[in-house]
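The letters A, B, C, D, E and F name the chains in turn, as written, and every chain counts its residues from 1.
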Amino acid sequence: MAKRSKTTANPANKARPSAAADDDTAITALKLPPAPLSPDMAAYFAKCEEKLGFVPNVLKAYAFDMTKLSAFVAMYNDLMLAPSGLSKLEREMIAVAVSARNRCYYCLVAHGAAVRQLSGDPPLGELMVMNYRAARLSKRHRAMLDFAAKLTAEPWLIEEEDRERLRRAGFSDRDIWDIAAVAGFFNMTNRVASATDMRPNSVYHGQAR
Amino acid sequence: MAKRSKTTANPANKARPSAAADDDTAITALKLPPAPLSPDMAAYFAKCEEKLGFVPNVLKAYAFDMTKLSAFVAMYNDLMLAPSGLSKLEREMIAVAVSARNRCYYCLVAHGAAVRQLSGDPPLGELMVMNYRAARLSKRHRAMLDFAAKLTAEPWLIEEEDRERLRRAGFSDRDIWDIAAVAGFFNMTNRVASATDMRPNSVYHGQAR
Amino acid sequence: MAKRSKTTANPANKARPSAAADDDTAITALKLPPAPLSPDMAAYFAKCEEKLGFVPNVLKAYAFDMTKLSAFVAMYNDLMLAPSGLSKLEREMIAVAVSARNRCYYCLVAHGAAVRQLSGDPPLGELMVMNYRAARLSKRHRAMLDFAAKLTAEPWLIEEEDRERLRRAGFSDRDIWDIAAVAGFFNMTNRVASATDMRPNSVYHGQAR
Amino acid sequence: MAKRSKTTANPANKARPSAAADDDTAITALKLPPAPLSPDMAAYFAKCEEKLGFVPNVLKAYAFDMTKLSAFVAMYNDLMLAPSGLSKLEREMIAVAVSARNRCYYCLVAHGAAVRQLSGDPPLGELMVMNYRAARLSKRHRAMLDFAAKLTAEPWLIEEEDRERLRRAGFSDRDIWDIAAVAGFFNMTNRVASATDMRPNSVYHGQAR
Amino acid sequence: MAKRSKTTANPANKARPSAAADDDTAITALKLPPAPLSPDMAAYFAKCEEKLGFVPNVLKAYAFDMTKLSAFVAMYNDLMLAPSGLSKLEREMIAVAVSARNRCYYCLVAHGAAVRQLSGDPPLGELMVMNYRAARLSKRHRAMLDFAAKLTAEPWLIEEEDRERLRRAGFSDRDIWDIAAVAGFFNMTNRVASATDMRPNSVYHGQAR
Amino acid sequence: MAKRSKTTANPANKARPSAAADDDTAITALKLPPAPLSPDMAAYFAKCEEKLGFVPNVLKAYAFDMTKLSAFVAMYNDLMLAPSGLSKLEREMIAVAVSARNRCYYCLVAHGAAVRQLSGDPPLGELMVMNYRAARLSKRHRAMLDFAAKLTAEPWLIEEEDRERLRRAGFSDRDIWDIAAVAGFFNMTNRVASATDMRPNSVYHGQAR
């Protein structure tokens, strides 16, 4: 079950860090040596360092293959940062609510921090991780997350009535696409992260608490 | 529940087609007018027409936005067609087994046809749709699909032991990434298709039976 | 897990048939030598050969014991072929929707073919196998399949309100019995087929595509 | 939800019977007037009265149609009473363990009583209803019920390994068929009973306590 | 799986008692020698003997530690016996419906007997064990048990609407607390009993049939 | 669904606090006016203020009834603070892993903070909330949490083999009781908190990050 485990916390309450990954080489459980960064990707990594102070581990995990890294970055940046009827915070809320259903450690840590930062409301980040239904949400946000949660758990049950509920909450057909696409994307990345035991940068834990 | 339903099959056994989508304008339930194709995407669509005889509806569904269409095509082509330790048939088998768990009509029709074609074994396509566990599979294929199925249903339970099982079946760490990435990708597209009620090209139904 | 597996599809995409059962002696995983057919059953098998061109494998599977075979045939023929407020197509649609929930390879192949034939609408057969909720169904058919699906998945939750929904869709109390009895029957046969690894006649795969 | 409910138990702890069905005309929630009994079925009902002191309500429920009643009786008597490698008690244990998973009130009452009677061990009947895993069972019985429970809950997961486990516990291939057939049969009757709100004869409650 | 099993019921239908625990020393699967009873607890056990004729095994199970036993008794007696807007029968109905979801043998036997006794309606006890939805319940009782069942199965889905449904059925906010507290308590004891394989006093089986 | 919701986060990313509860009177959704504190409980509240700097909201929630409050405090303090073969950190780890399965906002916030504090390892608190299987745990801790998780999700499946696994990991029978009792207790409090929409003191969010 837990073959990679190292004794950490112990009965005597003396524990060494349970989940550090920054200084470790092991960002994932797979041995995939990094490829030389393409000029585009080198520039992108530099921009991450400059704006965030670090390169998110998911990018380093994909960096064994420049085609895969570029495709991931292109899709991610379009979905999460391009103009949309959904605010960036809303897209991050979907990211976390989906990742909570899939219990994805990497995505909950990284995107939970994003919700805390973008909202200026640390408990909101916790609520998205723990149970979005316990949050005091606007009707718009509740409808959006209910759709994303159902789409995550039982996609085969989504029907016109579910889309109508989003429209009644003020979402356009383009917004519905964006909700579906963001929810879909994290259903992908949650699985890539869980399949490879991807570890988040430890800097996220303390952000915007 | 079934707001978009039109009476089709009836008790007297006279039915009009239940699911046609080609001559229909409605490839999805969302009204998203197509954008002008970029030169790259126009060339890609032309190549589809030439090689397949048609443009897959998923591409038309994404064609309301060239950035999204390009990102989807880039990721899809890398995952499903680029060199890999997994054969193209194996990647399609994963696609269908994942889509079966998520009961995604679009992906089961389109990729079920691909399994039938690539394998030259029509029942194998049916087995992937219905229950891959009922197929007579090699140990390699069984391990690959068991991993993809668990990753789809309960990604939070994947651990080192699951990766070890793949290694024992002969997969390299790079192959494990590819299995995870393909399974993850269809967990995304299944949800985009279900969220938008995407309809497959009807030509798939009769292929390679 | 897959002890009976024989290497079939392989990475090089050269595959021998994955699921043939006709020329095989092994219709199920159980070694149960056939008993001599009783005159009644011999006549029935002859009628199958004449009308269908073959004897369905489920009948051969039961043929180790004439009492069991006769009881099965009597119940099957009454449920699926006798006069009823449900058309034969409707009964086959229930059969496939139930078998889809139970992921029964034998019943999905055999009765999926029946839906394609009786409806003259091949995609309808695929939809029943993949996700009946994605089909464009009449209210009558949607109510009928929703009842059958709930009865299959969570029979303990069926209450008067569920029966009322069928009555509002135009079904009589006798029709409700027939829906329940057909859904119940396939919940039985799905399990006998899965328990014994029953293999369908390969002729079904190509029928009415 | 509970449209047929009549106020019974009340806060003051004065309750009128919650579930009587004998003197009631309403054995099920469906209005299906009984057909005249055929000579065979009249004789069978008379035999029930003579041997049991009553006609089980399930038979009265089927008595609106002689073909259906006869087919049910033929299959039931073969499965539960004909010679088999399984004792009658074992077949009843399977019946109750399956009905417990499906939470079928009718079958749990009627066949729970049968387990108590045939075993001479009232708690065994309770254990089959409540949780067969809590019973002190022989390896043979545990293997038999584990197979029946898995076949009931997730029939698509049954594989050769499951059959091998039964063989290691001493069951022949014919016994495996019988376990599957009995488990399958109660998966049918549980659903017919739940779909129609079938009520057991009240005499069962006090039997063999 | 069943390491503690002793051969009991056998194919020949000769069985020794399957679940006795009174004369046994083994009330649970854990070896926890009883501590000397404190004066309070000695008096309480004596009162049990006097009023019930026996000391419930759950008390003996906790008697290895007087602090734990006292805390359990204090909470139990307040919840189940102190004045409340819920009758004692109603609290026992909740206990059994919750224990049915958790399939807890100990609690179903002991509290099923309590429902039979307090209601004077033996089938009501059976219904709570088997499927409370099949009982003819007042709206009050149905709402109460639906809340307890949802709280047991999916506590994260409880929202204001669920509380409102209880208020509409006539429950005060204090009553809602009591429903939640009783349902919560049995979710605790079901797990302590299942974790330790706790066996009920055999006297319960025959009570109030 | 979300009747108590107040608009908080909004599309423009300006949000007022989503979940504050300290200055609010509304610790739960139930209107239960506090009773006068008994001398014991007044002393206990004073001790909380002194040691923690605040009174945990769960205690205020129970303070409408001194008997219930005292019983809760007695059981809580014995389970979480009394001498045991389990360290306090271990008991808190169980608390959080159980609460994660039940998605209980109150308990995850309060006891997640406790894990961070007692371990001196903030990511460990996050891991218990998000997915304990992703933590690098000792065999002892993994076995302990696997037992607690199974007992929470499917208590009816716990058998002697599960207890044996704990014994092999070094736990005594008394330790097994304590694991079961702590896991059971949080299965109770999770449900009381979810049923009443209990809100945690906001001070927890920033502790030990």
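FYI, a contact is a pair of C-beta atoms (placed from the backbone, for glycine too) under 8 Å apart; a residue touches a chain by one contact, two chains touch by 3 or more.
These numbers were taken from a predicted model, which means no experiment stands behind them.
Visitor: State which chains count as neighbours of subunit A and simultaneously of subunit E.
Guide: Neighbours common to subunit A and subunit E are C, F.
Visitor: Can you report the angle of the rotation that maps subunit D onto subunit E, using C-alpha atoms only, to the nearest 5 degrees?
Guide: When the C-alpha atoms are superposed, subunit D turns by 180 degrees onto subunit E.
Visitor: Name the chain pair with more contacting C-beta pairs, choosing from A-B and B-F.
Guide: Of A-B and B-F, more C-beta pairs in contact link A-B.
Visitor: State the chain with the largest centre-to-centre distance from subunit F, centres being mean CA positions.
Guide: With centres defined by C-alpha atoms, farthest from subunit F sits C.
Visitor: With chain centres defined as mean CA positions, report which chain is farthest from subunit E.
Guide: The most distant chain relative to subunit E turns out to be B.
Visitor: Which one of A-C, B-C or A-E makes the same contacts as D-E, at least in over half of the residue pairs?
Guide: Having compared contact pairs by residue number, the answer is B-C.
Visitor: Can you work out the whole-Å distance between the CA centroids of subunit A and subunit F?
Guide: Computed value for the inter-centroid distance: 26 Å.
Visitor: Can you check how far apart subunit B and subunit D are, centre to centre, with Cα atoms defining each centre and the answer in Å?
Guide: Here the centre of subunit D sits 43 Å away from the centre of subunit B.
Visitor: Multi-chain contacts only, two chains or more: what residues does subunit C have there?
Guide: 1-2, 4, 103-104, 131, 133-134, 156, 159, 197
Visitor: Can you name every pair of chains that touch?
Guide: A-B, A-C, A-E, A-F, B-C, B-D, B-F, C-D, C-E, D-E, D-F, E-F
Visitor: Under the definition above, what is the set of subunit B residues touching subunit C in their complex?
Guide: 1-2, 4-13, 15-20, 86-90, 93, 100, 103-105, 108-109, 118-124, 126-127, 129-131, 133-142, 146, 197, 202, 205-206, 209
Visitor: Could you list, by residue number, the parts of subunit A that touch subunit B in their complex?
Guide: 1-4, 29-32, 64, 67-68, 70-72, 74-75, 78, 82, 102-104, 147, 151-152, 155-156, 158-161, 163-164, 173-174, 176-177, 179-181, 183-185, 187-192, 194-197
Visitor: Using the touch rule from the top, collect the residues of subunit B that touch subunit F in their complex.
Guide: 156-157, 159
Visitor: Please name which positions on subunit C make contact with subunit A in the complex.
Guide: So the residues of subunit C in touch with subunit A come to 131, 133-134.
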